[in-house]
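Each of the next two complexes has chain A plus one more chain, namely chain B in the first and chain C in the second.
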Partner chain A sequence: MQKSGKSWVSPWLSGSVPVLIVAAIPALIFVGVLLYFTGWALMFSFTNLELYGRKATEWSFVGLDNYERLFTRRGFLESLWTTLNFTFFSAIIGQSILGFTLAAVLRNMYGGVRSVLEVSLMLGWLLPDIVAAFLWSATTSKTGLVNQLIVIPLGMEPVNFLNDYALPVVILANIWKGTAWSYLLYSAALDNVSKEVVEAAKVDGANAWQRTRRVILPIIKPHIGTNLLFITIWTFTYFPLIYALTGGGPGSKTEVLSIFLYKQSFGIGKLGYGSAISVAMLVIVGVMSLFYLRLLKEPE
Partner chain B sequence: MKKFLTGAAICALSTSATTAFADVSIMYPQWIASLVEPAIEQYEADTGTTVTSTELPVDGYDRRVAVDLAAGTAADVAVLDSFMVAELASAGYLEALEGPLSDWDQFQYYMPGLLDVVSFDGSVYALPTDTDVRMLWYDKSNFEAAGIEMPWHPETWDDVLDAAQKVKDATGADYAFLLPAGTKQAEAATMQGFYMAMLGADTKEGERNRLRNWAEGKWIGASPAITATANLYHEVYVERELTEPSINYATDLSSAVREALNNDEIGILASGSWEWACLFDCNGLDVPSNREEIIGWTPWPGSGAEGAPATTNISGGWAIGVNAGAEDKEAATALLTAIFDEANFKKWTLDNGRMAVRTDISESPEYMENAFLAQATELAATTTGRDTYPGYQVVSALVQDMTGAILDGVDPEDALEEYHEALVDEFGEENVMTLE
Partner chain C sequence: MADLALHSVEKTFGALKVIKGIDLDIRNGEFIVFVGPSGCGKSTLLRMIAGLENVSGGTVEIGGKVMNNTPAPQRGIAMVFQSYALYPHMSVRENMSFGLELSKTPKAKIQERVDIAAGILQLEPYLDRSPRELSGGQRQRVAIGRAIVREPEVFLFDEPLSNLDAALRGQTRVEIARLHARLGTTMIYVTHDQVEAMTLADRIVVLNGGEVAQIGTPLELYRNPANAFVAGFIGGQQMNFLTPEQAARALPDTALPDGTETVGVRPEHLQQVTGGGIEGTIDVVEEFGEYALYHITLDGDALPSVTFKSSATGVGAMGDRIHLRADPQHIHAFDAGGLALSVPTRH
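After this line comes the complex of A and B, so read on.
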């Protein structure tokens, strides 16, 4: 490994130190900004800094108070639980499994149907979050599409879905919005599975389930890991669609950590406490990423 | 990742408000467009100065303007909720106006009591656009269906709850008593909901119905009034389920309320005098001619406890100030006076049923002939203001949080305790008191 250390660098680059330095500047600035913001959040998580008023200018260090409050005050743990539910059901179960199923089914289809399905998948992904929020709000309201088309014709009382089933609606909205990514990634991964291997398994008498379970899944395992890593991080910190759709409510039924953080930082104005929440989120996402990275490395 | 959110959010909020190349700039919420926009046109025509205007949605406007001013990226002229003026002025973000306005002949007409609200340390920092009173609106068709006598004059909270219950039982309305709650609508939940109830909760004596005890200089962490109000929320949202909570978190709250009224889903709505226009069209353009057949209003009654006031009220209102960091303050002040020029200001006040803040308008025949404004002005005679001591914004947000928790099913006792704890966290044990 050591020996090949330089071989990937273009000779033009490696031959000229000034060029190397110039090339490194953007990277250094980028890393510097990242570290600056992280350091900023970390430092202020130990203070009582506020957005307005006296403590906006005369803040002081309060030790671990903010971190203690994560566990002694209502809010953080409840939001963490909501976030885990939201992430598990909408990203890991919803987007990933639905994306894989669609990729597996659609790759054997050609022509119009496939195009139509792909375009509709993409539309969800491409639509801005705020537009999507208004769309889902209009669809699931008491006078909305679902009630008009399904619930009322069946002779049932119209349901205000955002009131009675806020979290499931938000989860469905996010599945609808994010499945395109998993679909694309799994489609590409499945293209990499060579036909010969699958045919060989077929000749050996493996049925469709066994072929998927024993042959295809192990081959695309790194792709699954990468995909789960991405969508878990995105979903865990996701904000706009939920905020516009429900504002975290009713009550705190859809108050995921990002909304809790926003409320504490900009609603109540406690930037110090908000920083502590963001540091806690960073740690949680970090631990989850490590878990996925290990999954990726594990030899088959 | 999330660790950058706070910083990134400030950057994102700030950049979009930077207006470096304009001669003068202004930021305002959508609902006030019909006051600001004609004046901008006139001003541009008169002076040849270009005005860059930033029209913003109502949701989150308070936060946006505070963050922009703090970051130094706000427009030269800013429309503000009046309760923020003292706090923003104390931080040095706003320009004192007496000097710049000394040549303006219309400054003398502003009512002194209303200028107090927008003053800090003896100086005026913004000019009020309107004031308001708060009341209970009701849908007449639903009240008729429920067999409730009109005009409706409830005397206690129980009367209000009973009427709402009747509406719910008779019509199945989703929002039989829409009592604003939760954090998404910010200050509106505190003012239109919690404050209006709390002010009539306990006996009038000794300023017990407030969030702050001014004599002692302390925030009130627990009191019979706060407890009674928390229990009222519990009764409305949990015990009797008089309103579906989700409307407090709607994607677009004011249009959700308009739609609900249109579909006869509202029984009683706790809100303010602006609804006379806003329940139909806030800019006063598309208002039905038979409004008084659709909706009625009544003052908020006291709780009915011994010694509690018969009715309550609290007034707020909006104002327009000049950014202390404005490059051309003269141009900014000129724009300000163009907006408040009598012809423009009076028309807006009357068209929108706003309560006048200037004697030249309030004493004009057109204003005095307006039946709604005349009655609303009567309510204003006994009104009160918010506890706008620095720190109020945090207290208000904590109140909203408490109502949100109760609506979510948290036991009122726990929610009250959490409110008290959070106040102590914020201001220290020595600045928070308990009333028995």
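After this line comes the complex of A and C, so read on.
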């Protein structure tokens, strides 16, 4: 390929460089702001900056103290474990598998059932987190719908689900809330799988399971990678629904990293430590993303 | 090795009846072509034979057994799709061995069959490539190879050449004919292209609107089309249809059968005369080298245009006047319903 001075722009745009520069300004500002905040967090993660009091103004550099604290103090590792559980079960297992299953099943269905299911999926997605949290806490409380409809009629003691099974409830709520995205993405991916290829596999003698595992899933592997990348990042840093539903409790049973970070930074006011937590989260998400990006690459 | 029989086969999609009762007996080893315009139900019929579509009425028998409810893999068929339908994530070899692997064929046997098929189709150099790295013609050969390794009793092809360019299409057509000669297996081939139908088929089934318009050998259909639809569909160039009045001028000494509503004359069966006959002006000349096609607007309002095929020189140029007669040995008369009437002058 020829390397000319303008080869970095597509031929469509190369004639209008001034327009391009004007269009690039917002993007540059955006990138600049992003870098500024990241740099800010990185810098203050090496300080003892606090939100209130003397150390709010007279902070000083403390070296790696904050990072050491991540591993020596109670909190971070437990919270990381909770977050990994939450992410794994609600996003990777729940949303992704349920979303794929729904996409695969519903695409062969028409009419009422499909519409009802699609609308309810979308409702979960579109409902504001706070409203969703209220719904879930009302449904799972001791006097809530689940107890009224299922537990009590079965002759059992009503259960306060949000207290006794906090993490599972939060996971379920997030599956309910987020599956629409995976459903939409996998529906689009399945539209791209040629019908004739699937029929060829049928003629070749593949049953439904073999067609899915040996033909459809490998073909949509890049889409699976994209989806896992997105939902992992979102879920790993997810805050509002959990916070509104449990506030991280009972105890710290549902205290995922975002809530831990919030409490350390704005509850206790340790901004330096909070910055270190956010940098650690960034690193963990980054590593996971690299893993998915490898999935995303075309085979060979 | 199997005969194949369709008895009053029907297919409805919701309220829409797409296949309206088709009877067909296919002998073992025959090359059958389903031909017809787009949307006439060729693919649907083929897919019912394959087991990819439920049969709404009638029976599909393969080798004397009713197969209506038999799943596709157990019907002894192999199918080649229009889009090739190769598994994009598998190598050529894996594409060909997938079905055998699923049926738990021993590894050595799979290898042997794939190698034989690759030999027949000259695919040996490409066995480890991905379909993405192959040309259209090579992909088509892989799709055929995948069918061959199944050692089916019936091959089903759904417009296998329509994604290839013209030159490759001609070449692959010959390869398919060779393959049939070599394997001797029953083949059913769907196409909308009458050239493929004429050149490949032992017998052609012309479909129109979900019904059989005519079944016969290529020459039977060319010489004795049973109706105006087949007459218009089969043949290198579209047949000309004349009114009885025009026909009387084009065929001065020929008595047409009673009830003749239209008279069909193929472009190659018109002759230029110096005077009389039907008369018109040449609009367009298509020069093919070995012959030329002259598109002519006839004087008068009814059925005003005809095509004349000639290899003579000096027929005329655009704008020239031309007089034509028809060869009485090769005319076709149709009644008001489009059914063929027998013409005494035709041998």
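Going forward, the second predicted complex is superposed on the first by the 283 of 300 C-alpha atoms of A that agree within 3 Å, B and C clash if a C-alpha of one lies under 4 Å from a C-alpha of the other, contacts with A are read in each partner's own complex, and residues count from 1 in each chain.
As a convention for this text, a contact is a pair of C-beta atoms (placed from the backbone, for glycine too) under 8 Å apart; a residue touches a chain by one contact, two chains touch by 3 or more.
Please read all numbers here as calculations on a predicted model, not as lab measurements.
J.: With everything superposed onto chain A, say whether chain B and chain C fit together or clash.
T.: By the criteria stated at the top, chain C and chain B fit after superposition, with no clash.
J.: Comparing chain C with chain B, which touches more residues belonging to chain A?
T.: Ranking chain B and chain C by residues of chain A touched puts B first.
J.: Based on the superposed arrangement, let me know which partner A:Val203 touches: chain B (first), chain C (second), both, or neither?
T.: A:Val203 sits against chain C, while chain B stays out of touch.
J.: With both complexes superposed on chain A, which partner does A:Gly251 reach: first (chain B), second (chain C), both or neither?
T.: first
J.: Check whether A:Pro218 is in contact with chain B, with chain C, with both or with neither, and answer first, second, both or neither.
T.: second
J.: Can you give the closest approach of chain B to chain C, taken over C-alpha atoms and in whole Å, for the superposition?
T.: Minimum C-alpha separation, chain B to chain C: 34 Å.
J.: Under the touch definition given earlier, write down the residues of chain A that touch chain B in their complex.
T.: Of all residues in chain A, those touching chain B are 34, 37-38, 40-41, 50-54, 56-57, 65, 69, 73-74, 133-134, 137, 142-143, 160, 162-163, 166, 233, 237, 239, 244-253, 257-258, 261-263, 265-271, 274-275, 278-279, 281-282, 285.
J.: Hey, which residues of chain B end up touching chain A in the complex?
T.: 1-9, 63, 66-67, 70, 87-88, 91, 174, 182-184, 186, 244-252, 259, 263, 390-391, 393-394, 397-398, 400-401, 404-405, 407-410, 414, 418, 421-422, 425
J.: How about chain A: which of its residues touch chain C in the complex?
T.: Within the complex, chain A contacts chain C at residues 194, 196-197, 199-206, 210, 214-215, 218-219, 221, 299-300.
J.: Spell out the part of chain C that touches chain A in their complex, as residue ranges.
T.: 50-52, 72-73, 77-79, 81-83, 85-89, 98-99, 102-103, 130, 146, 150
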